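Shown next, in structure tokens, is the structure this report addresses.
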Amino acid sequence: MKIISNNSKTDKEDMRKIWEKIGDYFRANSIWMKWYCTGCGAIELPPTMTSRFDMERLGMGPMATPRQADVLLITGYLSSKTLRRIIYSYEQMQDPKYVVGFGSCTINGGIYYDSYATMKQLDNYLPVDLYIAGCMPRPEAVMNGFDTLISMIKKGEANGWKHYKENYDWYSRNQLHSLGEVYVKDEFHE
Amino acid sequence: MNSMNSIYENLKSKFNILGVDYPDDMQMAIDLDEKDIHTVIVYLKSIGYTQLSMLTCVDWIKEGVFQLVYIVFNWDNGIHILVRTKLDRENPKFRTIVEIYPGAQFYERDVHEFFGVEFEGNEISYKNLFLELWDDMPPMRKDFDPQKYSDEKYAAREYKSKFISEVGGEK
Amino acid sequence: MKEVKLFLGPQHPGMHGNYSVHMYVDGDIIKKAYPLPGMLHRGFEKLMERRLWMGNIALIPRICVVEPDINEMVYAMGIEKLGNIEVPERAHWIRMIILELARIAIHLMSFGGIGGPTGLYTASYWSIADRDLILDIFEKITGARVYHMYIVAGGVRKDLPEGIEEEIIGLLDYLEKRLPEYEELILKNPIIHARLKDNILLPEEVVWELGVTGIGMRSAVDKEYDIRKVKPYARYDQVEFDVPFGPYSDAYTRVSYKPIEIRQSIRIIRQSLEKMPKEGPVRVKISTGSALRWTVPAGMVYPVIESARGEYGYLMVSDGSEMPYRIAVRGASYPQGLLGVEKYLPGHRIDDASLWMDTMGVCAPEIDR
Amino acid sequence: MTVDKSVFSPIRAWKYLIEKPVTIPKKLVFDTPREASDNYRGFHINDWTTCVGCGICAEICPTNAINMIEIDSLEQSTGNKPERPAIDYGRCSFCALCVDICTSDSLSMSKEYIHLSKDADTFYFLPESDGIHQIDFDKGYDRDEVSELLDLERYEIDETPIEGRNESFIEIIRGYSKEMAIAEASRCVECGVCTATCPANMNIPEYIRSVWTENLEEGVDYLYKTNPLSNVCGRVCTHTCETACVIGNRGTPVAIRWLKRYIVDNTPKEDFERVVLSNVSEKINGKVGIIGGGPAGLSCAYYLRTMGYEVDIYEERALLGGAVRYGVPEYRLPEESVKEDIEMIRKMCVNFITNTKVGRDISFEEIRNTHDAIFSGSGNWIPKKLKVINVDHKDIRFATKFLEESRDYSRDMGRMPEFEDDIIVIGGGDVSFDVARSLARLQKIKNGKINIKFIARKPIEFLAADQEEVVEGKEEGLELRLNRSPVEILVDENNKVYGVKVAKCTSKLSENGKAKTTCSEETEEIYAKEVFMSVGSDPDFEYFSKEMMENLEMDKNKIIVEENGQVKGYPWLFAGGDIVRGPDIITAVADGHKAAIGIDEYLYNREKI
Amino acid sequence: MNIMNFIYAFLLLVFVFLFQTSITGINRKVMARLQRRRGPKWYQQFIDIFKAMSKSSTTHGWIFDFGVIMALGGIMATTILIPIGPFKAFADVDNIFIVSYLLAVGMLGMAMSASGSGNPWASIGVSRALTNMLAYDVPFMVLIVSFIYAFKTSSLSGFAALQQGAGILGWNFFRFPLGGIVALICLQGMLGKKPFDSFIAPAEIASGPMVEYGGRHLGMLFLLHEFSTFIEVSIIVHIFFGGGATPLEFMVKYALLYTFMNIISGVFPRFKIDQAVKFYYKVPLALAFIQGLIIIFTGLGVS
């Protein structure tokens, strides 16, 4: 049932040190997500978090601030305005950190492919560790996604944050191209 | 329908109404010259149309006009009146109705942002509300092509799926 | 004393959805507030001009994420009015069932959701789990949990599946049993009283000034101002239901109306299931030909319905072609979400800011579009 | 409202400490995720055996998520494109409009809803019947008649009422009214499958669109791009396009032929002429001779003229049109229509040299010497004969000759042909029905009653003729004697034909999709005073010299030519129409067009050398 | 005091950590039940803490770092003074005033650190936390002072010893019901549980003081929280529920009391900070005074 991409580095030798493995075990079993409803996929998060699907069984829970969060859920489309704030938030998060893209919009723009306000490919701006298909993904799919993310972290495959650091120039070039300026001008409208 | 006719007769006797349309049995649309808008709206408000449901704009690019649509609503008889007027598309300027309906403030800001219509007297409407660092013409105008803008700014994905190389090309 | 600037949102647990309010606070009191919408702006109105009349049904539910069905209904009503299309009788009743189920779902979510800003998480956990049962019913009827794309111009997309009536009744029975428990937990809770009573007032003048509709308006002006009553659509004129209204609108009244409305919705659904023709067509074609070439006669119309947050309407303009010429969305929470925040949030305490957003019914996606 | 607050009321919620949680067990989330509802819109599945690759799913998709992928292993065939939809789950919104509009009922959605990957490329997938992970899931959302997005039924076209139809040669179909034409045009989904099937590759979706948008001039322009006999083809085309039409997979195909006719009939004459003649070029240095003024020749002449060549058409008969004018009965194709088309070509300054049979009135060599290239579209005019006893009897009559006479009669250019009041027609194709139905009309006019027996080997569903013909023929009073194969023409002692002896046959569908007919020993005799035979015809190559006849490559009486109509071994000679492949007008038109392009190329290259 | 005391102290710390964290984990499951769900694994709290420790973290200046360490040090120092039933790491230093004082050092350290982060939400949270402390401390101290007056002892084990032997009814909670109620209300405030958690209120001030903590800093904060919870609950168990004749008895009482406080928290929303202060100064303070007057003037319940 669970399909993980074939080109992940399972066959590569596991280079992690033993304490890294232990750390990964803890990090895998206690994932705190950032409480940021970026798009419409967020409407399936309350059912996932609450009694019916009870995400806490996986050790996951929402966290109020980016500093405390481990995983950034991009729940659907990202307008350029949100993207600026997302980049801010992502950079505030503590390593190791993971990004999960929900639904069509994060992969190739989804239904808003011709919108002047939304971006199309999330992985141009942030390193994505896992995509979940659906528009929007059902809670079961979301739960399975988290489960997959957990096993990826355990195996040390969720290395998007390292990739972001190594390729920071590339990412920031893309960000600048699409956004003009990443800096959030909060006062502009007041 | 009868009550709407009487409203229409009433308005007609007082104002110069250019056209009327009944899109629905509880709705009436009247066309006015732009100089009459304020007096008509004030009058409508005084006879029970106390709610401004919406203010928006339609871009009739072929005629070269912007059509402003003020929708006022009377909760007691359930009738919506669409008050419409046309502005020159080249230099769209109009006076605000904030002093009549304070709720219009953000609708005017909205129309300014998406169509570029300026509302004199509503200074705050000159600031963008939804779009941050916008660098093109107001996007709801008909001659704005969102696909082009989007393609330039946000690249679409080029898939490298297996089947494309295996079974043939994408058409 | 110096004012401190605070961001309520977009990534703040007290903010529902991707919305932001900038607050300047002095101590705990908010001195100035500026709404910052647009984080969810997708340019719907533009996108709808670029898609077929039928193709838009994929787009419209997404305008308001928490309550998608109202969008489908308004859109369908607009096309029907422009094209003078008579909807089959059975379709009207099915639509009412769907709309009222959706109303229950969102009221349940926001009723329990009061647990978010006040800290009564148990209520939220319960209510969202119970809402999920409604989504299960939706899934059976429409084939999707959230974006149903079910109410289409000319009727509904598919007939009801067999045996769904019993399931709906079973669900309604369950909800009626559960509602008192919610009231015990929320409405009778002394601390909820302390937090909500006489707090976040909405006087009648403000209602008219902003153009607030829905529960906020009804609780303030003491009149039955509900679109379902004032200008009934579908078959709301053939069912009996009451709308709560009153002369004094504080946060508590507005929250306490939600279970009342849920009960009335349950009543409407029960009547609908009874009065609905048991068989018959559920859809008529809006135009000749294939969906690629469906056209709608030229015209301009403003269809409007009662959403959980008030008057919800589209200004729809057709030029007779296969795509809409212009659709403008009147989000029900536009007045309170923008001008309301700017003018009337100041004066409250920081503690009440997210409560303010919650009980006023501010839904970010329908403001941003 | 009674005041009701109590510290103890919320505490009642503690009862849930001992109640069972509502949480869905992990097993139903991870191991076997909950089954979705019966019409759940999950991932797509596509049945490749029924999918025709029309691409309508891509067309309706509001998210632009569907791309048609060319599949090398599939073959192009009638009504079938070698393409299959691939779906981009980076776009899809799971609205299922593609399922609702699927013309072949192949696309649907399964209950599968989980796909997770780090690799975005896996979200682009080519659905087959086994879903994205090759795991069997139940079918979820599927189209039903309520969610249907196509208009399956054809809009009624105005027809002459059945009563009295067989009393005259007045055209049966009266044509679409404006509303009906627009309604019918709106059924089209612009898939273009028809274009691939049409021998002339007409721009069918485009001209149907111009009907829908009420821009008929544009429609005329599209018609004349590939077919200068639009008036004729709007009436008597074999319309393989309609066989291919994807709407026909589940409903009745779009009335493409009648829409074409609608364009021609309803464009004001002066606009029509302006549009058509605007294509004509100035004459350039080059002259082409055309043998035979039939559809192939006319078409070739038209396109040569648009390219600027001078054209002479040599026609044996008094009027141009060939099969169009002498082979099709008036009730299907009124004289007016033919005239209009041909007049249009004449107005382009094409020389019509009528009453001139090549080989009799003028030699082939002479034409060869006075022209830079020759196109031959002389057609099939020699009747074929069945291999039955007494087939060479002098009284047996054949289709070509009779139709010619009858056509001349109906346009007041000849007298009524001779015929008996009790007739057998042997055939099975469209022409045989033309013969039978023309005879029926003549009988009705002459005698007031009809007595015609129609004999064919195959049952109705396998007849070569158009089903419409069969139905209308029956309505008009033909007596169909199907499943009978003639074995002998019965001739009495006075050497007079008195009937046909037939063997009873049965037909069934064989594996290759064609009808296979087997005939038994059992025979019966059908009596009549006269027998008409209409089983095809052969070309007449008298005008070629002996030497040429020997050198020409032939296959069953047909000349083998290059793709562009060039005859092998004779670069200056081009051929088309029935003498090359047949069997219908539109093929001939297409051949003429291709040959015109071929001639242009040939002359251009020759000049260069 | 010898080396053994320090070894005991260390073992005590380890034990307290394991015990309290497990209890927290189990209580998360209890809360989940109340919310009609299953909840996390019982050892989830350990994973959370270790996870936080294993992550990187950002510093916002030395006050930020130092405050956390100071708070943790203060709280740990307090913890080793707490008796577990009859077991004590250091004899005769379990004085309620020392405990309260050291506890305050911890709180202040955290306040300092949070303010050092410079985030306005944190500042608001800190000011709320301190206000909250002030609110519950007044009635609680009134109560404690009158108890000290009545029992002539100020050590926790002393309070506990006095109640033992008289059965359940001998507990101060039943002998001084008004005081018992005040103590529970104050405990709820000390633990920062609803309805008195407005200083962390996520929906209002985004977790308040914790807003800028992440990674290791957050891990230390979690540890701090576990230890201070232990101290606060233990004080109440010792003073009002008779401590424990055996460590096991103490632990059972402790677990039950903590769970009780937790499920109360599960069904109530939170007060605004001004409402909380008003509430403390109205109901519990009045009750505490009445209880104090009863003790001082009638001696009822002192026996």
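A few comments on the model shown:
Letters A, B, C, D and E mark the chains as written, and numbering starts fresh at 1 in each.
We take it that a residue touches a chain if its C-beta (ideal position, glycine included) is under 8 Å from a C-beta of that chain, and two chains touch if they have at least 3 such contacts.
The model shown is predicted, which means the values in this text are computed figures rather than measured ones.
Shared contact partners of subunit B and subunit E, listed by label: A, C, D.
Chain centres were defined as the mean of their Cα atoms; on that basis the chain farthest from subunit C turns out to be D.
The innermost chain, defined by the distance from its C-alpha mean to the mean of all protein C-alpha atoms, is C. For subunit E, the chain with the farthest CA centroid is D.
Separation between the centroids of subunit C and subunit E, computed from CA atoms only, is 44 Å. In terms of their C-alpha centroids, the spacing between subunit A and subunit B amounts to 38 Å. Rounded to whole angstrom, the centroid-to-centroid distance between subunit A and subunit D, based on C-alpha atoms, equals 55 Å.
One finds 22 Å separating the Cα centroids of subunit B and subunit C. Residue positions 10, 13, 21-23, 36, 62-63, 88, 90, 93-94, 120, 122 of subunit D each touch two or more of the other chains.
Among the residues of subunit A, those touching two or more other chains are numbered 35, 50-52, 54, 57, 64-66, 81, 107-109, 111, 113-118, 121, 135, 138, 189. Residues of subunit B in contact with at least two other chains: 129-132, 139, 144, 146-147, 157. All chain pairs that count as touching, in label order, are A-B, A-C, A-D, A-E, B-C, B-D, C-D, C-E, D-E.
Every residue of subunit A that touches subunit C in the complex is listed here, in rising order: 34-40, 42-44, 46-47, 49-52, 62, 64-66, 77, 79, 81-82, 85, 89, 111-112, 114-118, 135-136, 138, 186, 189-190. On subunit D, the positions that touch subunit E within their shared complex are 10-11, 13-14, 16-17, 19, 21-23. Every residue of subunit C that touches subunit E in the complex is listed here, in rising order: 4-6, 12-14, 28, 115-122, 125-126, 129, 185, 189, 191-192, 194-195, 349-354.
Within the complex formed with subunit B, the subunit A residues making contact are 80-81, 84, 107-109, 113-121, 124, 177-181, 185, 188-189. Considering their complex, residues 7, 10-13, 16-18, 22, 34, 36, 38-43, 46-47, 50, 58-59, 62, 65-66, 109, 124-126, 128-129, 131-132, 135, 145-147, 365 of subunit C touch subunit A.
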